[in-house]
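Multiple structures follow.
In what comes next, subunit A is part of two complexes: it sits with subunit B in the first one and with subunit C in the second one.
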Partner chain A sequence: MSTETIVVLAPGPVPVGEPDQASRRSLKPAGALKAAFLIAIALYVAIPMVAMARFAFQNVPVALLSPDKILTGWSLAGLWTAISDPGIIAATRTSLLLVVLAIVLNLALLLPLAIVTEVRSPHLRPILSAITLLPWVIPPIALVVGVAATFRATVPWFLASDYSLVPFYALWAMPFTYRALDAGLRAINARTLYEAARSMGASLGTVIFRVIVPNIGAAIVAAAALTAAMVLGEFAFASLLLKRTLPTEMVNYQRSDPRGGLALALLVMLLTALALGLVVRSLRRRGLDVQTTGL
Partner chain B sequence: MRTMFRRERRLGILVLAPFAAFVALFLVYPTIIVLFKAVTPGGTLGVDALQRAVTGTYRTGFVNSIALSGTSAVIGGVIGILLALTVRSLQRPRWLRPTLDSWSAVASQLGGVPLAFAFIATIGAQGVLTRLLKGIGINASDYGISPTGFWGLVVVYLYFQIPLMFLVMLPAVNGLRSTWREAAAILGASGLRYWRSVGVPILAPSALGGALLLFVNAFTAYATAYVLNPSGALVPLQIRFVLQGNVISGEEDLGNAIVAWVIALLLLSLVAMTLLQRRTLTWTRP
Partner chain C sequence: MASVDMVGIRKEFGSSVALADFSLSITSGELICLLGPSGCGKTTALRILAGFERADAGRVLVEGRDVAGEPPERRRFGMVFQDYSLFPNMTARQNIEFGLKVQKKGPVERREVVDRMIDVTHLGEHADKFPHQMSGGQRQRVALARAIATEPRMLLLDEPLSALDAQVRETLRDEIRRLQREFGVTTVFVTHDQHEALAIADRVGVMSQGRLEQIAAPRELYERPVNAFVAGFIGTVNRIPARAGAGGRWQVLNRSVDGSEPGLPGAEGVVAVRPEHIALDHIALDQGSLARWRIEATSFLGPVTRLVVSGNGPVQMIVDLPSTDAEDFSLGNLVDVRLRDDVGHVTVITAEAVPSVVTA
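Showing the complex of A and B:
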């Protein structure tokens, strides 16, 4: 896929289509239709979340639910039990460590590569772009079979460790990371900066760490946030390799305590959404459009 | 100058080598082993395993997965495009666009465990919506609206498919220039004619490309499907079944063969998507 199609970070505000004056005047009934459509979408988005919150925090079985009982039995007790569960605490620690390590490994591999490719050999960009799309073709559920067939037989100690997930998570974060970095580099015209700095006698290290990296901070933050969201949500690979990460432990926990399990899931989801939403918004406010699809 | 160049070429290799080694070791090597084993079941070359992977229950798995992914891609695609077109011309509630953008970014990543939990609380046997519908005399599971029914799964998958399509379509929809519409109007084209001759042909490649992406996205979704119904007849769940040794021994090749088919299917979809996206390029260039 050519990255020209979707600009990840673009200087200036996102071009928004001009509202068609002509159509606006002639579309009075269509306005109502649009409103109805948006309300339907809003309901579809909200209802499962409300249902989940009700199940998590209201200790009244659905069968006994009636209009006069709507306000009874609400409590946060389930959530407290869940977040003080030792298994959940251990899994959360593992997952947070995995997040940090995956971000570090991912940036260590891709950041120098993206910079050097952009300033020295831009003709290699399409190739790199294609390679970083490979994780779409070989998703966790497919790769886990190959990993089990190869690493389990040859280096069993490797898969025994929780940290064996790190390289794979770094791998699946590549599409997001590379596209964010690449667009960040092009938005600041990295090659011009590189040539200017070099012609004034800066060494390559100085160019990279004191000129380019500080300028693409926003892209790096976006890449890290998307990697974190990916790692905190990944279930298939961890589950099939029998690892106790937050998502897999959440499923285990929910079997013994459905209410607490749902409360915990809601909390994790809200925190992830809030963090990701804040990053996206703060970047937008700075006039950077972040594409989060990893394409 | 020349020594500097040589040093920098070495630098190119220095940054490329770890990346290449990393991808080769953790992605390419396991994949090649699986593909190789898929075509050499029991150590000899043959299409035995590949054939078995698409017969019987495994055929059902592929049929179900393709039907589910296809349906959720088409419905999610249509709603996603409509959403992008609707918001494009709306300026008024100022908070609407940024909220929708942020929400889409989050929700398109949201597949997985929490999402499945949310829908169990909504359309599960003890779900709020199930209960509400029963109150007005409708048994939702009769229509397949349960976490294990086909339409139930479609409803759940749409929760991440619609925002993904919205994000994918936004650049293309924003690329529709109002001058084109004015030009069409001056030439005497009606609204319908404008869409038939200008709007749809321009949006079509990215819409089809987006739908393919949604297909891939749904086909490989594991967490949601697993939490809703671990024994469902979907390809990702069958891979788990084979992988965990729930089949008679000597069937390891089966897992490899299923994965080989999956990779072929995904590769085909993504190549088609890339070609379509290249067409889109012509019109979205600023």
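Showing the complex of A and C:
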């Protein structure tokens, strides 16, 4: 071979390695600043609550509610009167029934939709996500007027019934529940599970009920809990449709007995928070991932 | 067990072509590895086989019968995925049993099959564990057992070892091969790891940009790559200038050898030569003015030692010598470089169609 031999080295294929894990430095604000923030937030939440509690449970005229009287005149009498009011009892029963029905309808609509979108057409997920946000873009009054007009023209009896709130609530909860379900599906890598099950001969129904639903229990419970919390606090639809649910009845009650009404509101708030807390705790106990469910 | 043919498959995602006229013929009981860089279409080919993607054109034939209209659950192809696809709510045993339940097998038969699968995959002590209680390697063994339990017509493995660490990967690789032989199941194994592919496959198909560049037994693929891509993708190669001589043979490092394509006499070209196909000879110091190569670097790799030799200017070549032979050479030595006598074939990377210089 001639003297002008040129040899160039060809590199082999680039090995595919782990992605570069750039060390991320966590930016911790100074401890004092953090504490100050936390205290400010705590006060922001606590002051109105304490004020409410004093007004509701302290049998002292408002003008005399000075700091030095903080321990005098506490009583649960107003609360007892409120919760034994027949109107309130009936409204509570209605609201609990609405909670159950709204959860059922909401999950019946969204669960299959979220699952099938995730496993079959994940590219449609952004569209579905946008659609489920729609109920919050449309103001309740517009939704009520539009739907009420439709129902009145077609099924007037339905509008008269308390159950006419169920479709509103099922829709109204969608933004919460879709996100909880979607996060749950992604956390378990639902698409791969679906394909694995299909390749073993399972039908779509088998995959959904035997493989996917049992593994997104946390997300389903979270979705249900969020729906419940929403229904128990919803006022606009019920008021516009003239229904006597717990929130509207509480407002009515407060007109005749402001202290008792506020005591009742505090109780409902406490119970809802407690129930959500219990749900989260039981999910954690069972090793389910709560972080991804939106609770 | 079945023979499978993919004929003229084309698949596009939007404007990108994932597979372009892809054809692959798999004989019954064979283990084929599809090897290629990411984005080469290997996973798409597997998903079309499985029925999760639909080809834009072309046919998939199982024992000569077109399965285009069959959804995945009717094809009876077992599948193992890279990301552990075990059902988190079921134990290893229940995972393996799932496919059998779907097939409506009786409890006695199910138990027999599951016990056998647990036995052959050595999962005995882990049978009643849930996926999150198992290591990555154990989970993939369950996934494998689960796929084989249903007696699939074909086994499709989509980078099943990529998420595992090196040692587990090697053990499980051999285990996959053993099980595949034991059950005689036709298998397609997709990977980007050439060592994995060369180690276990009957034939390896090297893919690039939606095409099958070459499909051959591992040894043939390594020794006789048909083109520059295959040569460069499998192992390491030196690109060495060559000139075609009489009879279309190529003159490479002072030897005349056959090329993957014949050259027009006098044509210049570049050929691929493996580092272990090059031999070195010492040159006495007093002949130093003639020496063109100097040893610039050595690295001991166990059985072989890799030397980098450089010629005039910045040109370099990699040479792998058995470590016992490499002891004779040290840094800075002047050497002569030649093609080993037992090398009779080189892969032509580029060749001029018309010789630029015609030597009389």
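Assorted remarks:
The rule is short, and it goes like this: the second predicted complex is superposed on the first by the 230 of 295 C-alpha atoms of A that agree within 3 Å, B and C clash if a C-alpha of one lies under 4 Å from a C-alpha of the other, contacts with A are read in each partner's own complex, and residues count from 1 in each chain.
Operating definition for what follows: a residue touches a chain if its C-beta (ideal position, glycine included) is under 8 Å from a C-beta of that chain, and two chains touch if they have at least 3 such contacts.
No experiment lies behind these values; they were computed from the predicted model shown.
By the touch criterion defined above, A:F158 lies against neither subunit B nor subunit C after alignment on the C-alpha atoms of chain A. Look at A:P214: by the touch rule set out above, it reaches subunit C but stays clear of subunit B.
Within the superposed three-chain arrangement, the count of touched residues of subunit A is higher for B, of the candidates subunit B and subunit C. When the shared chain is aligned, no partner comes close enough to touch A:W74: not subunit B, not subunit C.
In the superposition on chain A, contact of A:G201 is made with subunit C only, not with subunit B. When the two complexes are overlaid on their common chain A, residue A:I188 makes contact with subunit C while staying clear of subunit B. Common to the subunit B and subunit C contact sets on subunit A are residues 1, 5-7, 16. Residues 8, 11-12, 15-16, 18-19, 22-23, 25-27, 29-31, 33-34, 37, 79, 82-83, 86, 88-91, 96-98, 101-115, 117-119, 121-122, 126-131, 158-159, 162, 164, 167-168, 171, 173-174, 176-178, 181-182, 185, 191, 213, 216, 220, 222-223, 226-227, 236, 239-240, 243-244, 252, 255-256, 258-259, 262-263, 266-267, 270, 273-274, 277-278, 280-281, 284-286 of subunit B touch subunit A in their complex. The residues of subunit A lying in touch with subunit B in their complex are 1-2, 4-7, 14-20, 22-24, 34, 37-38, 41, 44-45, 47-52, 54-56, 61-63, 65, 109-110, 112-113, 116, 120-121, 131, 133-151, 167-168, 170-171, 204, 226, 229-230, 233-236, 239-240, 247, 250-251, 254, 261-262, 265-266, 268-269, 272-273, 276-277, 280-281, 284, 290-293, 295. Interface residues of subunit C, counted against subunit A in their complex, comprise 37-38, 50, 52, 71-79, 81, 83, 85-89, 98-99, 102-103, 132, 143, 146-147, 150, 152, 156, 192-194, 232-233, 235-241, 243, 251-254, 272, 292, 308, 311, 315-318.
Remark: subunit A residues 1, 3, 5-13, 16, 188-189, 192-193, 195-203, 206, 210-211, 214-215, 287 touch subunit C in the complex.
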